[in-house]
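Next up: the structures, one after another.
Both of the next two complexes hold chain A, though its partner changes from chain B to chain C.
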Partner chain A sequence: MADFFQLAINGFAIGGVYALAAIGFVIVYEATGVVNFAAGQFVMFGTFAGVAALVNAQLPWPIAYAAALFAMAAFGVLFFLLVYWPLKLSPAVTVIIGTVAISITMQNAALLVFGSWPVRIPSPLEGMTVEVGGAVVSVHALLTMAITALLVGGLWFLLHRTSFGIGMRAVAQDVQAARLMGLKVGRVLAMSWVLGALLAGAAGLLLGPMWFADVNMGDPVALKAFAATIIGGFGSLPGAVVGGIFVGLSEVLGASYISSAYKDLISFGIMIGFLFVRPQGMFGEKIQDRG
Partner chain B sequence: MLACNNLTIAHGDVVAVSGVNLQVGAGETVALIGANGAGKTTLLHTISGLNKARSGDIQLDGTSILRLSSDRRVALGIAQAPEGRRIFPGLTVEENLVVATANWKKIRQSCADDLDRVFQLFPRLKERRTQLGWSLSGGEQQMLAIGRALMARPRLLLLDEPSLGLAPRLAEEVYERVKVIASAGLTILVVEQNTVLALAVADRAYVLEAGRVVLDGSAAELRNDSRVREAYLGR
Partner chain C sequence: MRILRSFGLALCILAAGGVLSLVLPEYHLRLLNLSVVASIAVIGLNIAFGYVGLISLGHAAFVGLGAYIMAISTTRLGLSPWLAMPAAVAATAAFAVAIGLPLLRLKGHYLALATLGLNVSFVIVASNWLEMTGGTNGIAQIPSFSILHHAISDERSFLWLALVSLTLVVVVATLLHHSRYGRALISVRDDELAAEMTGIDTTRLKIMGFAFSAAYAAFAGCLFASHVRFISPEDFSYAHSINYLAMLIVGGEGTIVGAILGSVLLTFLPEWLRFLGNAYLALFGLLVFLVLVFLPTGIVGLRKFVRGPSRVDRSVQAAAEVRP
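The block that comes next holds the complex of A and B.
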């Protein structure tokens, strides 16, 4: 039982990271209609922003995290200006291929700057554990869960309780009507890229101490986040959260109770199962229900 | 207040509106009538800045607005209730209304008075304020679309086919409200296929056919014009 508890906490923690990555992906998709194939590299950039600030520059924790997140926000603006805006009138396929190209560029840029050796980012809570009911749980995992919950709550507040967030939802639902209501649509779209980059950055920073920081880490994260959105329901924020945690749990529990060699097979198997049986996912709505 | 001078609009190579001259004076209600595909909606979209004009000019109070983005035009006082209502389906009634205050509302500034005014005009919306947009009936959605445009604090209200898809009784109800809004002094340009309803609220009207103004005059004149009666009033 203690084992199970310990594994479940780890599953929730890694699931929280997947959830954040998935939300970053979903926010951009909902607002701009772009399926961002570079989403995994966004997370990788978040991790390496942490490497640069914590390992290379040796900044103190709070400043390092703030600097890394600031860099990610700036990266979101840059991505909006250099990738999304020039392609905004192109067909969807062009934009998607564009994000694939950028994804490869980002990965190789990271390889050039940071090299191919994996680095480990220490956590500010390095080595700290607590005992809960006989299970030894890492404090970093608990903190990851707490931060995920906080960010999801904050995002909900932004989208439902602030004028700016309500405007974001309006733009996501009907761009033309949003223009007629006087919303500054360009600014809202830019903000959704910034939010996407920030969430990916947070995911990357939390992931750093759990995995090794490796320039190839983006693709597995992207696949897991993608599986999370399929399972939760494509385009749904609660779906991304539940889907992310679901994938994290199935991966950790599957690895220890079934086989660690098959841990990816389990989460992707579930995803394929969803595509067959319930393609709209857990929280997805059928398109015609959107009125 | 609003003047379109020799305005030509094209979608690619297809000219939708050609050489239109149209004036709306302050406090006036002007109707733009015509059959489906005559270019009415294209004209309204261009006034709001969703389409570009090929040639000609659009002026608000004597200044050209052609180069302004749509949000700047809303800030100058041009609000539109678009064709097909275009309610934000996943936003509540109240959120739909509040979202339209983006051009003037500062952070922490309240729009409660504006909300009250809209709810007074459309009491049904107040009952439904926490419901999502898609769950409203067609008539309620139309009222929400008009209320939403009013939240932008417009000086010129553009209405695109407010009777579209509504039962006759509901369409009349909507137009009664339009009359109330007009009598409060707001300038209105209404596009409509339902000529009877439009001419009943308008002071003046333009008839658009295949992208050209073929007739214009006071609403009373047009009601009695034989061509209008034959083509649009079915008598």
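The block that comes next holds the complex of A and C.
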């Protein structure tokens, strides 16, 4: 039972990271209609922004995290201007292949800068554990869950209680109508990329101490985020959270109770099952005419 | 007339390949062989994506399924490659029908992610089903094709086998394109609802197109297995599926010439960029991106600079506008 508890906490923590990555992906999809196949590389960039600030520059950790997130926000703007804007009128498949091509560039740019040797980011809570009911749980895992909850709550507040967030949802509903209402659509679209990049950055920073920072980590994260998105429901924020935690739990629990070799097959099997039986996922897609 | 042009194209392929087989050094011949095999897979993808409009990110899984069936039946059961190949193609097409029945109800990015999941699942199974696939160690010593006891094992003679296969595939694909069936496929891509209204069974057509495309992929997989003579799960990862799609779009979707040009270009491009050392993949991604932005109809779209937009260009553009 203590084992199960410990595994469940780890599953929730890694699931929180997948949820953040999935939300970053969903926010961009909702606002711009772009299925961003570079979403995993965004998370990888987040981790390596942490490597640059914490390990290479040896900044104290509050400044380092702030600097890393600032770099991610700037990257979001850059991506909006250089990748999204030139492709915004292209058919969906061209956009998919375009983001894939850029993700190859991102991965190899990181390889050139940081090398292929995996690095470990220390957590500010390095080595701290607490005992809960006989189970030893790392504080970093608990903090990851807390930060995920905080970010999700903050995002909900932003989207539903601020005029900026309501404007963003209006653009997601109908770009033309939003423009006619006087919303600065271009700015809203840019901000959705910034938000997406920030969430991916947070996911990457939290993931750093759990995995090794490796330039190839983007693809596995992206695949899990996609699975989470489908299971939860394409374009749904609560869906992305539930889906992410579901994928994290199934990965950690599946690896210890079913088969470690086939642990990834469990989440993808469930994802494909959902696509067959309930393609709108658990929470359904609100906007039907996208994609 | 159209059919004559396809035979003309087939002759051009044979002539160009024949000249290249005499002048190219061994290593470039190997790349040329890989690109010819890739173009067969991409022509197959063109049926699913270019004609029917199905976004498949799992094409490499079908290439892999064909290659694995071929490899297992020749090394384990001692079957002749000539017998194993049709069996592999037929089995893969049957699998595509079985998986297509539930899968092809999905559209757009749902289908893209579902086929991506299919590809990832294929690699996981191939890496872990040790008794059957040898896991990540792969399967070695796959026999080459042989004609009258002459094994087609060196690069030069394999090129001839690959070129003959490619011309065959091109002729079949062109006949398909201009048949009643091919036009029906394209009508499903352009407007599914309208196609249905004219009495076309769109579900059946989509599954047939998908199966056709999988059969081409399996054919390419068999050729790949007998060419490289060693396969492992990594050869069929979803990165390869994306690469096939990139080849098609860079070359020019919806056209057979584009499929071939894209395959050759994207197989050789990393080689031409090799002098950049580690930076070459970073530049590769950037170049593909630039082609997508500045040549939305692919390399075949360059034709319009030579002599106004052709019928193909216009139909591709019209399709791009229709698609959401």
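In this text, the second predicted complex is superposed on the first by the 284 of 291 C-alpha atoms of A that agree within 3 Å, B and C clash if a C-alpha of one lies under 4 Å from a C-alpha of the other, contacts with A are read in each partner's own complex, and residues count from 1 in each chain.
The definition used in the following text is that a residue touches a chain if its C-beta (ideal position, glycine included) is under 8 Å from a C-beta of that chain, and two chains touch if they have at least 3 such contacts.
Treat the numbers as computed from the prediction; the structure is a model and nothing was measured.
Partners chain B and chain C, once the complexes are superposed on chain A, both fit on it without clashing.
Once the two complexes are laid over each other on the shared chain, residue contacts for A:Lys184 go to chain B alone; chain C is not touched. On the chain A superposition, the C-alpha centres give an angle at chain A of 90° between chain B and chain C, rounded to a multiple of 10. Note on chain A: of its two partners chain C and chain B, the one contacting more of its residues is C.
In the overlay built on the shared chain, the residue A:Gln173 is in contact with chain B alone; chain C does not reach it. In the superposition on chain A, A:Ala101 makes contact with chain C only, while chain B stays out of contact range. Within the superposed three-chain model, A:Ser163 lies in touch with chain B and out of touch with chain C [touch as defined at top].
Shared-chain residue A:Ala109: touches chain C; no touch with chain B.
Contacts of A:Ala66 after superposition: neither chain B nor chain C is touched.
Taken over all C-alpha pairs, chain B and chain C come no nearer than 13 Å in the superposed arrangement.
Applying the stated touch rule to the two superposed structures, the overlap between the chain B and chain C interfaces on chain A comprises residues 290-291. Within the complex, the chain C residues that touch chain A are 49, 55, 57, 102-103, 105-110, 112-114, 116-118, 120-121, 124-125, 127-128, 239, 242, 245-246, 249, 253, 278-279, 281-286, 288-289, 292-293, 296, 320, 323-324. Those residues of chain A that touch chain C in the complex are listed here as 35, 37, 83, 86-87, 90-94, 96-98, 100-109, 111-112, 219, 223, 226-227, 229-230, 234, 261-262, 264-265, 268-269, 271-272, 275-276, 279, 289-291.
Within the complex, the chain B residues that touch chain A are 48-50, 70-71, 73-75, 79-80, 82, 86-91, 95-96, 98-103, 105, 107, 133-135, 148-149, 152.
Chain A meets chain B in the complex at residues 163, 166-167, 169-170, 173-174, 176-185, 290-291.
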